[in-house]
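Both of the next two complexes hold chain A, though its partner changes from chain B to chain C.
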Partner chain A sequence: MTRTITIDPVTRIEGHAKITLMLDDSGQVEDARFHVTEFRGFEKFCEGRNFWEMPGITARICGICPISHLLASAKTGDAILGVRIPPTAAKLRRMLNWAQIVQSHALSFFHLSSPDLLLGMDSDPALRNVVGLIQKHPDIARKGIRLRKFGQDTIRILGGRSVHPAWTVPGGVREPLSAENRDLIKEMLPEAFDTIDLALTLLKDASAGYEDEAAHYGNFPSLYMGLVTPEGGLEHYDGLLRVVDSGGKILESGLDPARYREIIGEAVEPWTYLKFPYYKPYAYSGPSYYKMGMYRVGPLARLNVCEFAGTPKADEELRAFRQLAPQGRAVNTAFHYHYARLIEILFALEKIAETVEDPHILDERVRSRADVNQLVGVGVSEAPRGTLFHEYHVNEEGVLQKVNLIIATGQNNLAMNRTVQQIARHHINGNGGKLTEGVLNRMEHGIRLYDPCLSCSTHAAGKMPMHVEVVAADGEVVDEIIRD
Partner chain B sequence: MTAKSKPKLAVWKFASCDGCQLSLLDCEDELLAVTGEVEIAYFLEASRATVRGPFDLSLVEGSITTAEDAERIRAVRRVSKTLITIGACATAGGIQALRNFVDVDEYIAAVYAHPEYVNTLATSTPVSEHVYVDFQLRGCPINKWQLIEVVCAFLNGRKPVIPTYSVCMECKRRGITCVMVAHGTPCLGPVTQAGCGALCPSYNRGCYGCFGPMDTPNPAALSQWWSNGLGVSEADLVRAWRGFNAYAEPFRKESEAHEHI
Partner chain C sequence: MPVVTLTVNDELVSGQSGQSLLSLLKELGIEMPTLCHLEGLSDRGGCRLCMVELQGSKRLFAACVTPVQEGMVVYTHTERLNNYRRMILELLFAERNHVCAVCVQNGHCELQTQAAKNGMDSVRYDYLVPDLPMDASHERYVLDHNRCILCTRCVRVCDEIEGAHVWDLMGRGVNSRVIAGLNQPWGDSDSCTKCGKCVQVCPTGALTLRGSTVAEMEKQHDFLKWILTGREKKQWDYS
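== the complex of A and B ==
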C-alpha cells in the first residue's frame, strides 16, 4: 500500500514547515514535498501605507535578516525618490549588510548546523543542538556565539539595535559613523578573523566524514542566480543580475536588477504557501511547466556566478571551492552551501576591515533628500539566503498602490524539494520505508543547507491544514497519516 | 544541582518573524550562563529534541492566526506553570493584525491563484485573547535585557521589574531633545511604553510605537497635538496608530476614531 510519512515540524530552521514523503507500492520514494504552513499577508496590508514606512514594516517580515529587507526597501525608496545616495551612505549600508551576513551565516553554521557536523547525524537528538554543543565543545560553541555577536554588535553600533534597527532610510542612512564607533568595530575584527579560520578548519576536517552526504545532498544540476559587480566580482548590496547554468555557461551576464520580471516567473502549488519562482526562458508549456526553470540562490549560487571575490583570503578559499567541481563547471552539491557560507563570512570580514580604514567613512553627508519622483521603484540586494527583490508602485503622495516581494528562500523552493527527494531516496529506498532518527535528521539537514527563512518566504500568505493526503496514480486518496 | 532539578524552559512560536526568540540567542554571553541555570526543554529554533511537559516557564512568540494555533496555544497553557508572551505579535497581534481591519479573503486572493487552499482565521489576535497569560513582555522586537530580567525574576520567584511609563521618560533621562517640541516631528513616544531606550528619537526620528501602549495612555490628546499642532492628516493618523501594535486596544480605538469611510 502507498504510505506517506510526514515530519512535522522541521526544526532548526526559521519559521514553520513540514515534509511529506510519498512512497510507491514497493516502498520506494516516489515524491517528496516540503510544505510551508504560515501565512501573514504582508504584500496586501502594505497597500495604503507610505513608502517611507516600508523599511520599518518589511523589516518585521523576518527577525533573522531584517537588514536585508531594510536595505532592499530603502533602495526601492531611493528609486522612488530618484536620487543617488551619498557615497559614504552606500559604504555604510554595505557594511551593515556584511555585518548581517556574518551574523546570519554564523547562526546557520554554528548554532544550527554544526551540532549535526560535530556531534554526528545519528547522535542523541536531545543533545544535538547548540546546548549539546556547548556541553561537548564549549570552546567552539563560545567562539561561534561570539562570531555571531560580532555581526550583531556591528549592526547595533551602526543601526542602534540588532533586530529591526531604524537606521536606513530612502535616500541614505540617518546618522553618520562616529570615530569611536568605527574603532569599536575595528577592535572586534581580529577575534572574528580567528574564529572564521577555525570554522573553515573544522568544516574541512568534518567534511571528510561526510562524503556520502556531500554526494547525495542536493547534488543535481540547476541554474544559479546572484548579483555580481560590473567586473563580475562577488557582490551583496548592488550590482547586476547574473544567471549561470551548471556547466558554468553564463545565461544572463549583467541584467539591470530592476528588469527582474523579464526573467523570473512565480508558480503556485496547492500544498504549500511558498511560491515557486522560476527562470522564465527555461519554462515550457505543460503541468510542471516551471520546473525546468529551477534556479538556486544564496551563498552557493553567489560563488558560482561570480568570477572572483575581490579580497585576498576569500579569493584563496574560492579557488579551493572551485576544485569541488570539474574545471569551469558550477559546484552543484547543496552540501557545499556550508563551505560557501564560511567563505562569505571571510569575505564580509575582509570587506568590513577594508571599509573601516576608508578615509571617507566618517563623512557626515549620508542622506540625499527628495520627494516622490518616480511612481515605480525596484530595490534588489543579496540577503544572506539569496537575492531579495522589493518592488513598489506608489501614487504622487508616495502611498503604496501595489507591492511585490520575491524572497530568497522562495527561489530555492524547487531545489529544496528536489534535495529532500534525493536524500529520502538514498536513505529510505530498499529498507521498506523505515525512518530512523538519523534519516529524519538528514532530511532536515538537507533543508537546512539552504538555511531557509520561512517567515520571510511566506510573508505573503496563515497556515496549511496539517494533515497529509496520499494520492495514488489514479488520483484516488488512499491514505492519510500525521506524525507528531 | 542535578539536571533534573533545573527549571524547564520552553519557547513556542506562532505567527511572527522569529526576531523575539532570536533575542534569546542574542543573549550571547548570557546564553552560556542560562544553559547552566535552566533546562531548555522545547526550542524548535535551536533543537529537534522536545522534552514532555509540564514546563516551568513557557515563552510564547507570535500571534494566533489559524484554528490550529488556537488549539495549540490552549495545549501550551495546559502544560505550562507560567506563561509569558514575548513581543508585539504575542501581546498585541503584531503587524499581521492589520488584516483585522480588512477582509482577509481579499488578501489571500491577491496573493494566491488558488485562495481555496489557504485556511486561515480572519484575525490575528494576541495570546491573551485565548488563554491566561502570566506576564506580557512588550516590544518589536523585545529588549534582551528585559527578557533576561523576566527570566531571572521567574527563576527567583519575584515580580519582573519592567517599567510601564512612556518613551518620554527615556528621552529625558538620555538628555535627548524632544523631536516633537523642538523639530515638529510627529512622535508616538508620549503614549508608548519605554523599553527601547528612546532609539528613534536618538536618531532624530519620531517614535513609531514598537513597544505598544504605556500604562494608562492618552492617545486622543496626542492625536489632537498631531493634527492641530503639526498638521498631520487623518489618513496619516490612522497609519501611525496602525503599526506593529495596531490591535492593542488604546491604539486600535484611536485609529478607528480617525477612520472616515
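== the complex of A and C ==
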C-alpha cells in the first residue's frame, strides 16, 4: 500500500521537469508522476475578450507551438462565424501546419533526441547535446538545423513572421501567397527531402543498438487518438476523430470533432493543474476511474489510427512502420515516436511539394467575412505533439463566456507517467531507489519521446533541467536529485 | 494678427498672438509628444505629455492649452519634463490592461509609440489590473475599456465633428469610463450614426473595427482635415 501524498505543483522549480517516483513497501517503484504545471489559468484569462483575438492570444501565451493554437483557434472562429473558408485559405493553412510539423519534429529529432541516439545514453552528459553532436557528426547536426530552418522559413514566408504569425484568422488567412514566395518555398524543398532520407537511414541504423530501449520505453497497451481524412488517411488539419486500441481495433472510426465531448472526459487531480483527458467509454467507477481510458496522441497515434498516409514515400515508410507490431496491431512502444516523427516529416514535405504545384494556391480570395452566427465553436487540428481542441462559448456579441482547451501534452500525460514508471522500474528496482545519471537520462529520454510542450523539455542546447524525488511508502523522501 | 516674440530652448522665435504654444512648437519643427491632442479637435490639456517649463514659474504648462505670449521663455525637453513624461506613460500602462502582444492595435498604437519614443522601458508602479469589460454590442465596432486612456478624442470628435455626442465621461479618477449615451451598451445608442469617426481618432486599441484580429487595426485620421477644410471653404452646399 502506498501513502497518498499531495505535492503542491507550485513548489516546482521554475523551468525544471519535476518527477516524483513513489515506492511501495518493498521499495519497488509503484507509481511515477511527471508534473506538468506550465499550462494553467489560461482559459480563464481569455474570458471577456472576443473570439477574433483568440488566435493571437493563444499563440502568444503558449509559445512552444504557436502555429497549432493559431490554427485550432482560427478554426474555432470559423465555426462561430458559421462560414466555410475559401478553399485556398484552407490549403494555405494546411501548408502552414505541415511546415510547423517539419520544424517541430526536426527540433525534437535532431536537436533533442539524436544526441542520445547517436552519442549513447550513457555518454558524457556535458556533450550529450547538440553541441556534442556538432563535434562528432557535424554534417548531421548541420543538416538537422537546416531542415528545421526549412520549416521555420516556410512559416515565415507564409505568415510574415516565424514565431507568431497572426496570419491565420477566423474566416481564413489575412494575406494570399505570392508567386515569388511560392517559388521560394519550392526552391528549398529538394534539400529538405535529402535530409529526411538521411535521418531515416540514421534512425534505422541507430535503432539496432537500442533494442532494450525499444522494448522498455513506453511499451504498454493504450488507446490512440488522432484525426483521419474521411477515407481514413493521415490528416493534420481537419477531418474526423478516430480512436483505435492497442490491438488495432477501431473504436471510433470517424467522429465529428465538434462532438469530442461525447468521447473525451477530463479528470482532475489535486497534485497538478493539468487535466487528464480520457476516453469516456473505457472509464469505470473508482478512484482512478479514468486511467483505463488512457490514450496517446501525436505522431505514433496518428500513424496507428490512419489506414494509409496518402503520399508515395510516406506510405512506403508507413508499411515498414507497421512491421514493428504483429500484423494488424498498433505499434505500442513509445520509442517508435522517433520513427513516426520522421515519417510525418516526409509526409509533410511531400504534401508541401504537392501544394506548391496547386494551380489555385495563389488565389487571392482567402478570407470570408461574417459575424457571430453560432454561440459555440469547436476547432480541432493536429499539433506536432497531438490533437489540439479549442472550444469557445460566446455571447451574441462575440465576447467569450467560456473557453476550453485540450492540449496534446495533457492527453499524453497519463502515458508519460506510465512511461517514466516503466523506465524507473526497469532501472531503479533492486537498488533501494537510488538515482543515477544514467537513469535520469533514460527518464528524460522517455519523456522526450512524447515531446511535451514544456519549456524545460525544449531546451535545445543541453540536457533537460530535472527535479526528481523518490518517495517511500511512508511518505519520506528517500532520494532527490536536482539537475540544472 | 500681432506678432509676439519669445524664447524657445534658448532661441529667439516669433509666433502669432492667440496661437497655442503647441502649434508654434510644431511649426518650429520641435517634436512634442501628445496623446489627447488631435489637429482639428478642440484641445483639453488632458494627457499632460506636451507639458513645458516656463521661466519664472514652478508649475508646468500643457502647451496645447497655453497661448503664446510676448517674452515667454520656454523649455520643451528638460530632464524634469522627460522624467514626468515617462512617469505619465507608465501610469497609463499601470492603470489599465495593456498587453500589446495580443492587442489588435499592436504596432499601430499611439500610446505604444509614445512609450517607445520617450524611453519608457519598464513600469515602476504596481499594475492595477482592473477587471474591465469589452463592449461588443455595436454591429460595426468594439469598445475595450482595458485599452482606453481617457483622452476623450472620441467624445470630442463625435460632438464637434459628427454632431451626435454619443460619448461622455463618467466617474472620477481611476474609476472614469467613457460611456455611450446614458451609460448604455453602445449598440443600444439611438444617437450613434455608425460613422466610425471615434474609432479612427482613438489613439489606442480601445475603439476598433469589429472583427479585427491581433495587430490588424490601423487608423487614419485624414478625414478630419478634409471635413474641416471642406466646411471652411464651403465646399458643400446643403441649402
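Note that in this section the second predicted complex is superposed on the first by the 430 of 484 C-alpha atoms of A that agree within 3 Å, B and C clash if a C-alpha of one lies under 4 Å from a C-alpha of the other, contacts with A are read in each partner's own complex, and residues count from 1 in each chain.
Simple rule for what comes next: a contact is a pair of C-beta atoms (placed from the backbone, for glycine too) under 8 Å apart; a residue touches a chain by one contact, two chains touch by 3 or more.
Keep in mind that what you see is a predicted model, and the values were worked out from it rather than measured.
Judged by the touch definition given at the top, the superposed model places A:Pro170 against chain C, while chain B stays out of reach. Within the superposed three-chain model, A:Glu444 lies in touch with chain B and out of touch with chain C [touch as defined at top].
In the overlay built on the shared chain, the residue A:His111 is in contact with chain B alone; chain C does not reach it.
Of the two partner chains, chain B and chain C are each touched by A:Arg60. Applying the stated contact rule after C-alpha superposition, one finds that A:Lys149 touches chain B and leaves chain C untouched. When the two structures are aligned on the shared chain, A:Gly160 is found in touch with chain B, with no touch to chain C. Set against each other, chain B and chain C touch different numbers of residues in chain A, with B touching more. Judged by the touch definition given at the top, the superposed model places A:Val130 against chain B, while chain C stays out of reach.
Look at A:Arg49: by the touch rule set out above, it reaches both chain B and chain C.
Looking at chain A, you'll find residues 48-50, 53, 56-57, 60, 164, 166, 174 touch chain B in one structure and chain C in the other.
The part of chain A that touches chain C in the complex is made up of residues 48-50, 52-53, 55-57, 60, 164, 166, 169-170, 174, 369, 371, 397-399.
Residues 101-102, 104, 133-134, 136-137, 139, 142, 187, 210-216 of chain C are the ones that touch chain A when the two sit in their complex. Residues 13, 15-23, 25-26, 28-29, 31-32, 35, 40, 43-49, 51, 65-66, 68-69, 94-96, 98-99, 102, 104, 106-108, 110-114, 117-121, 124, 140-141, 196, 199-200, 202-205, 208, 210, 236, 239, 243-244 of chain B are the ones that touch chain A when the two sit in their complex.
Considering their complex, residues 9, 11-12, 14-16, 38-45, 48-50, 53, 56-57, 60-64, 66, 107, 111-112, 124-132, 134, 138, 141-142, 145-146, 148-149, 152, 160-167, 174-175, 268, 270-271, 273, 441, 444, 455, 460-466 of chain A touch chain B.
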